[in-house]
Structures are given as structure tokens and as C-alpha cells.
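Chain IDs A, B and C follow the sequence of writing; residue 1 opens each chain.
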Amino acid sequence: MEKSYRTNNIIFTTLVLLTLFTWILGQAEIVGDISGVINGKIFFLILLTIAIIKVQLIGDFFMHLNTVSGFWRWIITLWVMLTGGFIAIAFLL
Amino acid sequence: MKYESQSVAKLYFIAAIGLFVGQIVFGLVMGLQYVVGDFMFPEIPFNVARMVHTNLLIVWLLFGFMGAAYYLVPEEAETELHSPMLAKLMFWVFLVAGALTILGYLLVPYATLAEITGNHLLPTMGREFLEQPTITKIGIVIVALVFLYNIAFTILKGRKTVITLVLLIGLAGLAIFFLFSFYNPDNLVKDKFYWWFVVHLWVEGVWELIMASILAFVLIKTTGVDREIIEKWLYIIIAMALITGLIGTGHHFFWIGAPEYWLWWGSIFSALEPIPFFMMTVFAFNMVNKRRINHPNQPAVLWALGTAVMAFLGAGVWGFMHTLAPINYYTHGTQITAAHGHMAFYGAYVMIVLAIISYAMPMMRGRKACNSAASQVAEMWSFWLMTISMVFITLFLTGAGILQVWLQRFSDEPMSFMVVQDKIEVFYWMREGAGVVFLIGLLLYVYSFFIGGEERTVEEKV
Amino acid sequence: MYMQDTIKTKYPPGDLALWIFICAELLVFAIFFAAYAFTRASNIELFNQYQATLNTDLALLNTIALLSSSYFVVSAIISIKENKQKQSTLFLFLSIVGACAFLIMKMTEYTHHMSEGINLTTNLFYMFYLSLTFFHFMHVILGVMILTVLWFNTRKGLYTADNHDGLVSGGAYWHMVDLVWLILFPLIYIMR
């Protein structure tokens, strides 16, 4: 059970750090936008990847889908890949 | 039939079928008027035939819903109906009011009907499907309230089940939303908002709850599947119906002068409205596959499965085809709409009423569980005749609609309405032909009630 | 205990009916997100211009609030697996606090917008921003109601180590609400 609390803490910390990183990237992009030096598409892909990872972490460790086998294991993954995919198509193409 | 008072449903079901026949006769009149413009003019002009056709549909379905409730609630609640006397009284009130209204449509000019029924005191006439004189509408409210009181008190004094609770919510919603028909604002946009609060929230809202609960009841009875499983499905189905259907009302607010965000809200939510119908189909076939008994009433099971499929096709698929704003921009108010409307109403609501009648009538007429083999065969034939002909009606109207949209709305040099109507005439003739087959199916259905013989028995255990 | 953690189940934890409900909600949000992204593609300048008027700092705090709230729900479930009802109740209380913090901060944002006369008809970006966040807001409210019921139940001692399905189910719904925001936050506030 100690293991469970520890895992919970680690996942939570990871999620918060990823969130902070997203915010920082957002600030940097606004600054970079003005000076016109950055590649918006790279920023976008990083932000999207982080978002997908965060969603997957929630699914696996908070919703405990990592204890499930079969179709339902991948339900959140399926959703985030589809949603992320559509967003990517819209932003990049 | 476990409880004496369930028998009041028989009155309602007989009236329902009688009015159904009337509805189809007038439907055929109109179908012919599409191509022979002065058929029955001036005795029964098109607009009068239309009022009769649509109003009869709604009234007979209401008779069907009420009959279904009077039959299944005592059985589910495991107690007699609170007041069979009131149920019978309301039956006659509703039938007479309805008959007088239809006669009013047929025998006097509409403006005269408005005058003699005192419409000026509280104007509610003049809108599609809500053409009834105000006094008829008040009568409907009274009948509905007494009916709800009767059913609610029966449920309260007995066993409460998910089926009866969902049915009651649906029926209460039906009554409440009908009240919007009394509000007739001057502002045209508001007028349309409130009209749709009746029509959409009925057929894409609370009526779905009624349909789902009746379907669940018929499936429990004919398959013997665990009640808990069926209840879970019922919850999910109605949750989806409400989530998608409530904001989905917006798909009627595209072009009436409402703010632009309705194009988005209406499209997104209504696009998902097929989901509860898809679930009902999976639910119905799943239950029948996993059945614990072979029920001897085959037509009942056929109607139950059929209603799920046809509702999904007519309401779900055909509805989806024209629900997105960019498409609806071109198809709004065309024969595409008529195609969807016919199959949706038939699949979802006509068939579920026929399903419960099919299940309940034999027992209310003294049988143990079902009719004779000959009667069942005739009834199943009527199922296929009506259903297949409805599919063709829909296909023909879809063809008409596609050509109409192309010529009248989409092309670089659009043609006028009447010119286009001329060009799609062949579809109308074919539709009428299919309509005749539908009537034959319906008459066979009525005839099947008169086919006697020994009750069909089967080995019940699977 | 240890064995239970390593045996995999065929169905997700909690009520399957609720999971189907969760899937339905996820589907609606997915379509909304896709609609936003594709509409943006045809209105990039408009969207970039008005996205800059949003309060990203507050949104960051909102994300942290929701993440913390979900963290506490998981903690509550771990506690109940050890039959520690009181600790579980406390964690659930903290999760509600986090959720309420989100609601308050969001309402502050909305008040600010309203004072500037911004509404659904102002422009296409604001229409999406307000619709999406409001839709999510309503789900947070429902989530708070569910968490409150769970809190009451846990306080009454309804859940035990062997029987806490309701807690897991309610928790799953809450995580869905959190997870949706994790897409919404970068998509609407940050991605340019």
C-alpha cells in the first residue's frame, strides 16, 4: 500500500511539472512569436505530445486502467489518440 | 393477464388501430394529390388532408402510449390500476374530442372552426401539428393529467421499477412540453423556438424514454433475460437520448433568426442523436440472443427487433444525413425531410406501439400468451409488408429529395419550386404505389386479429 | 492485497454502465475539440488575436486545482482499501476543495469577460471558448455533486476495503472531467 501512495505522489508530481512546462512553453511562444524566431509547428507538437502523455497518465494511474486487460485497457488511449489526431491534422495541414 | 384492470388497455389499442387506418387513408389521398393536383378538391383540399393525416398520427400514438402504460404499469407495479373507471372515462373523452376535431377539420373551413371554437379567447391554432382548436388542446391537457394521476398513483402504491419510472418521466415530460403549445408569441423567432419545444422535445426527447421503457418491458417478457441487465441498458439509453437530444434541439434553430452559435451547438449535439437508437438496436438483439425462454408470441419479438432497427435507420441514419448545418442549408424543408420523417415516426413510434399491442392483445382477449399459428403468420406478413413498403417510401422520397436539392438549391442556375416538382413526379408515383402496399399490410394486420384457431405452443426452454 | 493488485480484470474498475456514460461524454468533447481545431484553421488570425486576451495564469492554477483534486480522489481510494474511513473522508473533502477552487477561479474569469461585454455572439473564437469552457464547467459542477455524495457516504462508513465500487465509479467520472481539461487547457489557452 505504501507503494500505492508513492506511485500516486510520483504521478501527480509528474503531471504538475508537465503542466508547468506547458505554461512556460506558452509564455515562450508568445515572446518568440513577437520576435518571429520560433517554429510554431514544433511548439505545437511538443504541447500536443505533453497533453497526450498527461491524459494517458490519468487513464493508467488515476483511473487504474493499467490493471485492466483487453479492450477496455485502451479506451482512454483510443480517445486521446483520435482527438489528438484530429487536432494535429487541423493545426498542421 | 395478471391484473383485471390491465384490460382497459384494450379500448385504447382498438382506437389506436382504428385511427391508424384513418391516418393512412388520408396519407394515400395526399400522395395522390401530389401528382393529381385537384384530386378531391374542393371537398378535401391538400392542407385539410394533411391536418387529418398528421393529427390522426399523433392522436393514435397517444392512445397507444396510454394503452401501453395501462397494460404494463399494473403488471410492473404488481397492483391493480388506481382507477379503471377514470381510464375508461378519459378514453371516451379523448376519442370524442379527437373525432369532433377531425370532423371539424373536414367539414368546416379552418377559419370558421377557429371562430366557432372561440380561438380568439386564447389563440393557439394555426401551427403545423398543433392545428387543434384551443378547447381540444385543453381537453388533451385534462386527459393527460388524469392519465398521469392514474398511472402515478398506481406506481406509488406498488412496486417501483426502473421501467415504470422511466415511462412515467417520459409521459410527464410529454404532458409538460405540450403546454408550450399554448404560448403563441408574435415574434416569429420566438414562435418557432416554442413550437420546437413541443415537437422536438417530444419526438427527440421524452417520447424516446417512452419507447425505450416499452421496449424494455416487451423484451423482459419475451426473452426472460435478467431485469437488472435490462435496467442498466435502459439507464444508459435514456442518458444518451437526453444528453444528445436536449441541446440537439438546436438543429432546428439554424435558419430561424437565432444567434449563429446554434449552428455549432445544434450540429455537434444532434450529430450524436443516433447513438441511443444504435444502443437500442444492440440492446434488443443482445437480449434476444441471450434469451432464457422461447416465447410463443413470435410477432411480438419481431416487432420489438424491427422497431429498434427501423428507428435507428429512420431517426438515426436518415436524421444524421441532414442534421449538420452545412448540409441542412441545402436540404431544409425538402423531400429529404419527408423521407426522414416518415421512416423515423414509423420505426420509432408506430412500431413500438404495434409491438406492445402484439404482445398484450392476445392475453387481453383471453389467450394465455399468444395467438394461433395462422394469426401469427398473417401478422408477421403484415410486419414485412408495412416495413418493406415504408423503406421504399423513404427511398423514393430520398430520391425525390436529392434531385430537388440539386435542381432547386445547389445548381448554378436553380429552378423554381413548381418546375422541380414536375421533374420529380415519377418518385411521387412510386411513393404512392409503396403507400398502397403499406395500406394492404395494415389491413392484413387488422385482419390478423380476426383469425382464430388454437393458441400456438412451443417448447419454452431454450 | 498484493495478489489483487497484480491480477488484471477484463472490465474497467467500477460500474460498467458509468464507463459507457464516460465514453459518451468523451465523444461529445472530442467532437467539440475537433470542431474548434478545424474552425481555427480557417480563422487563424482571429483565434490568435483573441486567444491572447485569455488569462493563461489563472488557467494554469485551474489545471493544478483539478490535478490536485484527482490526486486526492486516488488517495481516498487507497485509504479505503486499507479500511481507513476517516482518512478517506478527509481526502475526499480535499478533492472537493480543489474542485471548488476551480469553480471560483473560472467564475472570476467569466465575470471579467462579462464586464467587458463578451458573450457567445461576440466572435467565433469567444463562441468556442465560452461554449467549451462552460460545457466543461457544468461537468465540474456535476462532479462536485458526485464527490459530495461520495464524501457523505464515506463519512457514514458505507465503503469498506471489500466494497467500495461506488467510490471507484464516482472517482472515474471525476478523472474524466480532469482529463478533458488537460486537453482543453493547452488547446484553447496555449496552442497558437
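FYI, a contact is a pair of C-beta atoms (placed from the backbone, for glycine too) under 8 Å apart; a residue touches a chain by one contact, two chains touch by 3 or more.
Quantities reported herein were computed from a predicted structural model and do not represent experimental measurements.
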Request  = Using the contact definition stated above, find the chains touching both chain B and chain C.
outcome  = none
Remark   = Relative to chain A, the most remote chain by C-alpha centroid is chain B
Key: Centre-to-centre distance between chain C and chain B (centres being mean Cα positions), rounded to whole Å   = 39
Inquiry  = Centroid of chain A to centroid of chain B, CA atoms only: how many Å?
reply    = 47
Query = Where the CA atoms of chain A average out and where those of chain C average out, how many Å apart are those spots?
reply = 15
Key: chain C-facing residues of chain A, complex   = 1, 4-5, 8, 12, 15-16, 19-20, 22-23, 25-27, 29-30, 33, 40, 43-44, 47-48, 50-51, 54-55, 58-59, 61-65, 67-70, 72, 75-76, 79-80, 82-84, 86-87, 89-91, 93
Task = Write out the stretch or stretches of chain C touching chain A in their complex.
result = 1, 5, 8-13, 19, 23, 26, 29-30, 33-34, 37-38, 40-41, 52, 56-57, 60, 63-64, 67-68, 70-71, 73-75, 78, 81-82, 168, 171-172, 175-176, 178-179, 182-183, 185-187, 189-192
Note = Note: in the complex, chain B contacts chain C through residues 232, 235-236, 239-240, 243-244, 259-261, 264-265, 268-269, 271-272, 275
Task = State the interface residues of chain C toward chain B in the complex, per the touch definition above.
result = 16-17, 20-21, 24-25, 27-28, 31-32, 35, 120-121, 127-128, 131
